[in-house]
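Attaching a single structure in structure tokens format; questions to follow.
Per-chain numbering from 1; labels A, B, C and D assigned in written order.
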Amino acid sequence: MPGSKKVVPREKPLVLLRRRGSLDFRGMIQLRVGIIGVTGYTGNELLRLLLPHAGVKINYVTSHSFAGEPLATVHPHFRGITDLRCSSFSLDEAVEKTDLVFSALPHGQSMDVVPQLYEAGLKVIDLSADFRLLDHSLYREWYGKDHQAVHLLGEAVYGLPELYREEIKGAALVANPGCYPTSVILGLAPLAARGLPEHETLVVDSKSGTSGAGKVPSQALHFSECTENFRAYKVARHQHTPEMEQELSKLRGKEFVFTFVPHLVPMIRGILSTMYLKIETDLPEEKIREIYAEFYEGEKFVRLLPPAMFPETGNVYGSNYCDLALQWDRRTGRLIILSALDNLVKGAAGQAVQNMNLMLGLPEEQGLEAIPLRP
Amino acid sequence: MPGSKKVVPREKPLVLLRRRGSLDFRGMIQLRVGIIGVTGYTGNELLRLLLPHAGVKINYVTSHSFAGEPLATVHPHFRGITDLRCSSFSLDEAVEKTDLVFSALPHGQSMDVVPQLYEAGLKVIDLSADFRLLDHSLYREWYGKDHQAVHLLGEAVYGLPELYREEIKGAALVANPGCYPTSVILGLAPLAARGLPEHETLVVDSKSGTSGAGKVPSQALHFSECTENFRAYKVARHQHTPEMEQELSKLRGKEFVFTFVPHLVPMIRGILSTMYLKIETDLPEEKIREIYAEFYEGEKFVRLLPPAMFPETGNVYGSNYCDLALQWDRRTGRLIILSALDNLVKGAAGQAVQNMNLMLGLPEEQGLEAIPLRP
Amino acid sequence: MPGSKKVVPREKPLVLLRRRGSLDFRGMIQLRVGIIGVTGYTGNELLRLLLPHAGVKINYVTSHSFAGEPLATVHPHFRGITDLRCSSFSLDEAVEKTDLVFSALPHGQSMDVVPQLYEAGLKVIDLSADFRLLDHSLYREWYGKDHQAVHLLGEAVYGLPELYREEIKGAALVANPGCYPTSVILGLAPLAARGLPEHETLVVDSKSGTSGAGKVPSQALHFSECTENFRAYKVARHQHTPEMEQELSKLRGKEFVFTFVPHLVPMIRGILSTMYLKIETDLPEEKIREIYAEFYEGEKFVRLLPPAMFPETGNVYGSNYCDLALQWDRRTGRLIILSALDNLVKGAAGQAVQNMNLMLGLPEEQGLEAIPLRP
Amino acid sequence: MPGSKKVVPREKPLVLLRRRGSLDFRGMIQLRVGIIGVTGYTGNELLRLLLPHAGVKINYVTSHSFAGEPLATVHPHFRGITDLRCSSFSLDEAVEKTDLVFSALPHGQSMDVVPQLYEAGLKVIDLSADFRLLDHSLYREWYGKDHQAVHLLGEAVYGLPELYREEIKGAALVANPGCYPTSVILGLAPLAARGLPEHETLVVDSKSGTSGAGKVPSQALHFSECTENFRAYKVARHQHTPEMEQELSKLRGKEFVFTFVPHLVPMIRGILSTMYLKIETDLPEEKIREIYAEFYEGEKFVRLLPPAMFPETGNVYGSNYCDLALQWDRRTGRLIILSALDNLVKGAAGQAVQNMNLMLGLPEEQGLEAIPLRP
């Protein structure tokens, strides 16, 4: 298992954190968490996962546009489930009320808020893209704006527990991976960590449900335009590309460049990535499967499917699983890797909760036991 | 709250039941449950809800066609989640391995198996229609076959906890309500219990997702035929009609006959029922809302929406909630009641788990805390 | 067949109209038509039907926001099919370039433009609601604004050819019916024309696809909110209610008031209306079916289904058909009428083309021969 | 334009064919066509396109399971549109009643019937895969059975008009291309005809709606399993692979082998193929676009989209268009080609009608003028 990233642990001792926690009705200590930017789909999904989570208490949620409103006004399906109200963001309040904060703000906004939270001593999990890239010039190139907190880029741990579990445990700032990157990196990591891919042969063709595009209405996501329709978008220019290349380069120990094309599927949840590549090796084919099995041994949330079985997004719906399959195309000597996950869970909020559990010393799977909702 | 149904409690003492239970890793006693007929959608949903349920342990599941196979072969999304294997049905094994059994067999088959389980002293929750109707001649009329266990019709408690909570606690055999009946009875019960509806004015127009029609492929449920399509079916002759009329008659204390038309919506989960009726009363309109609020006070799973807010099936997706709204059509003097629920949860497996909790002395909401999955 | 509506024919002689037409490549005279407000779904559907129509030539299309742009910029699927460009609206240009104009503007805007076109001597088909209601106080009540062209309310012919064919032939201004009203009026007209319905027993429960709500993005129509979801909206207060009541009152010869509730189905096209009522009669049941068969005899676009067959929106998809079925609920003495149509075709643009054909002396079915697109 | 395929024209003179035709009401000669196997989706789509086709008359349709039944029993949306009844297949009747026959039988069945029709002197368009492969050993390998009419494999013209227009005009037997092959070959033909692709770099990732899988219900196509789900299938082993390789090899003049993976999209109609490859050339990038523009100049049904615009299946829905786009991934030196078509139209029945028009001397576009149905 790789994991060479150096992280200087923050000074806030866990014992203090725990002291800040509150007792729940069962006499258990619950750590207090907050969600900055709770009105979008990522914030909504964090609420869904965290409200029933026995180890933490959501103590603070913010929304610019719904400040003062109960959560059930923003997300009507929470009616009768929680009395939480949205606050305007206040650093003092965040510090006073929480031990750990999730930022579910859009990229570009997160980098304004996260540094404040971090400097104030809170543990932070940022679900935006703002702290994933180590190289701020890449950020400018792919996100179209200058980074406002360059000094923190090296501080953040990339929050993919299957790769960086130990670093995450000690991290004060976690950059939660993107949805496409999670599906692609988990699909390629076992090979990359061994330097196997001929990366210049790699083509990644991903397909995502619509929730990855967020909650803001637009023509392309209008029901009448989107259903009974299929299309590619941001062809070879999606902003998640450098994030994937960065992480796979780290694993491989040298450059990793490939073609990535995302597509929009008329369904709410799910990403399926189909990855095509050749391997620098004369390893027997079965060996590759062993490499995967070994790499993910003991990983609860990665399921390697048996031969001739392929992932379906429906099989991970609403859950934190990532399903993987391998298939050789013997005619062309190409390896095909398929991965499926729920973009809002393992691709966003679920992974963030997994990271939170690690950072707070809770069982890694806590709150993530939900079985895929199928049908 | 109504509840005049007489139920003779079974003799099996709870203390004995508990002794049969097994210790889980936290040292808690877990009661042992079984599912007869686990391959359909109802069985699948029971698994989803019961596997993470801390109070019980699934100890026995049966399937005729998948006997000997692991559950993950039947329902691939359970891969890595459970090692359970399907058994052929055996009464001895059921008795030995379980304290309570769910029958998820289709109607017509359940009445062959449930009596055996019941006579053998097991607590039974039957999710089919076989023990819902008290009058076997109605069964023959609407289900097209003779009932094989007429003597048990009076033994079964109708498993709608909001109406029959106390009876369910003491019941040995619970007839779990149908999906449409749950949505309609919850919508009308507060009025019926006061004798208010002019029942001959009542029209119920229900709309259901496709999972209610089960897992067996058919032309009408073939994706290419079913999506981008909407239609009525079994117009004024759906077999759930007498079940609704029976229960509403009981509540009202006299005959209750109405028109019921179901429709098929191109979505997986959800029932929305729109109920139209006039009221035998000169009560002020606001009084009706009070009657509902009072009737469902303290009911966790029934959410009465505020004025001008209407139920959406998406707001109860994957959860055990039933959302209700009231709207007067002042121009016609008609009351419109809308209810929404997830047909596989509150309309089937979730309600069955709620009943199980009551029968086993567990907290009624245990295992049903899932927040609606939206989006 | 009814049709008592008095219409003063306009003075523009058809022969003159025809002289204005242009010769197509087959030497046929083509009349010139225009579409005001071509960017919405109704305008788009008019284009789809009229571009291949051999009897007319689209000579003028307007859009405020896309003035100067080719149609393929507004509606990319028209690429390579037409070179038409959008103009800003100009009355002079409309008069110069067209013989007949469709207004596909939203209600409230149409009443500003239609009078100008009408006064200038053009034949006009208005697809908005602005000229459907005869009583301007109803317009204010249901549409929330004062009518700006009250003097024209009596001039417009209600464009339902199955009821007002002769009036439409001579009309200069046709108010094209709403989508819900077409489905409901066609379902009830044979009874209403005989004074049969006990209108106070009538409940109409309609279900519509999303395209009826138009092209403008909104939260409720956002794909991730709308798919896998079903809900009612504007419960008992939809603005199409007075239009239906007006037309059915005219047919019946006295007041006609009922309850109407629309619902949103996660599909693009289609309306299914389920109508429940009792009949003031001791006619034998089969007689009702004869009344329908006779009323719609020779009507190409109304298909009365045989007993036990029910309409599906998929069976009229993309076509100008309206399918009807009748079913008695003998237990309650209630008649159930079901109708299905494509809201953009028979519910809007297709019916408008049918009206145009009548107004221009073309074969009524021309351009409307498309067979339903199924699957 | 390529087209080296040698075809020996059949002896049946067109003048004789025309004499067999019947007069329609406009005094035009209509040629008589038949459809063998009319009950599936391909047969259904042929009906949709041919019934309104002014140049031909459907005179004979066969169905094994619906023999004697009116078409409206098989496909209820044809009610009121045609009085055609299904016949059992009889060679004599086919010869007597038709000039040209479509075989819409499944592969494996078509090769039993097509030779009879062909030997009897009828023109035949076979929509199955049975006459597409020139090498019967490939047929056995990919379709799992021995070919029963090997002698005809060289007789059939591959019915892709954009490549083989002249050969099709003179053909007596046309093998109508598969849906995936049409989308892929049209996407790659301009390059292949110039020998440009480094074929071993080619990866084709295709996504199809469900109608391509036919009308027979199955678990995988059951609505509740298929909607809100996305998956790959037949990964690197789809039977259309050798057909694409054969045709691209012919164009390129040497071997052409690549990786092909199809996926199932939860929508009815549409195929989008994303093709990734490198080019053996130092041509400037803009030159590639010119090559495509030139290759498809004058082709009505192929629309080359401008830079930065990408195909959507919704933009070709129900129509015979194939939309193409080109995009360079400059970072990797890879060319990405995207194509979209409606699998039932340009991918099956529409292309068959296009072929029929060519074979019968009718205008190539006749009956195919339908504008894409969007939304």
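Going forward, a residue touches a chain if its C-beta (ideal position, glycine included) is under 8 Å from a C-beta of that chain, and two chains touch if they have at least 3 such contacts.
Everything numeric in this text was worked out from a predicted model, so none of it was measured.
Asker: Name the chain whose C-alpha centroid is farthest from the C-alpha centroid of subunit D.
Answerer: B
Asker: Once you count every C-beta pair in contact for both, which comes out on top, A-D or C-D?
Answerer: Taking the two pairs in turn, the one with more contacts turns out to be A-D.
Asker: So what's the Cα centroid distance for subunit B and subunit D, whole Å?
Answerer: 48
Asker: Whole-Å distance, subunit A centre to subunit D centre, using C-alpha means?
Answerer: Computed from C-alpha means, the inter-chain centre distance equals 42 Å.
Asker: Rounded to the nearest whole Å, what is the centre-to-centre distance of subunit C and subunit D, using the mean of the C-alpha atoms as each centre?
Answerer: 36
Asker: Please list all residues of subunit B that touch 2 or more other chains.
Answerer: Only 41, 209, 211, 215, 224-225, 227-228, 266-269, 312, 314, 317, 375 qualify.
Asker: So in the complex, which bits of subunit B are touching subunit D?
Answerer: Touching subunit D from subunit B are residues 41, 209-211, 213, 215, 217-219, 221-228, 266-268.
Asker: Which part of subunit B faces subunit C closely enough to touch in the complex?
Answerer: 200-201, 203, 205, 207, 209, 224-225, 227-233, 235-236, 257-259, 261, 263, 265-270, 272, 274, 276, 310-314, 317, 325, 327-329, 331-332, 334, 336, 338, 340, 375
Asker: Using the touch rule from the top, collect the residues of subunit C that touch subunit D in their complex.
Answerer: Its residues touching subunit D are 41, 44, 47-48, 51-52, 75-81, 211, 215, 227-228, 268-269, 300, 303, 305, 309, 312, 314-319, 321, 323, 369-375.
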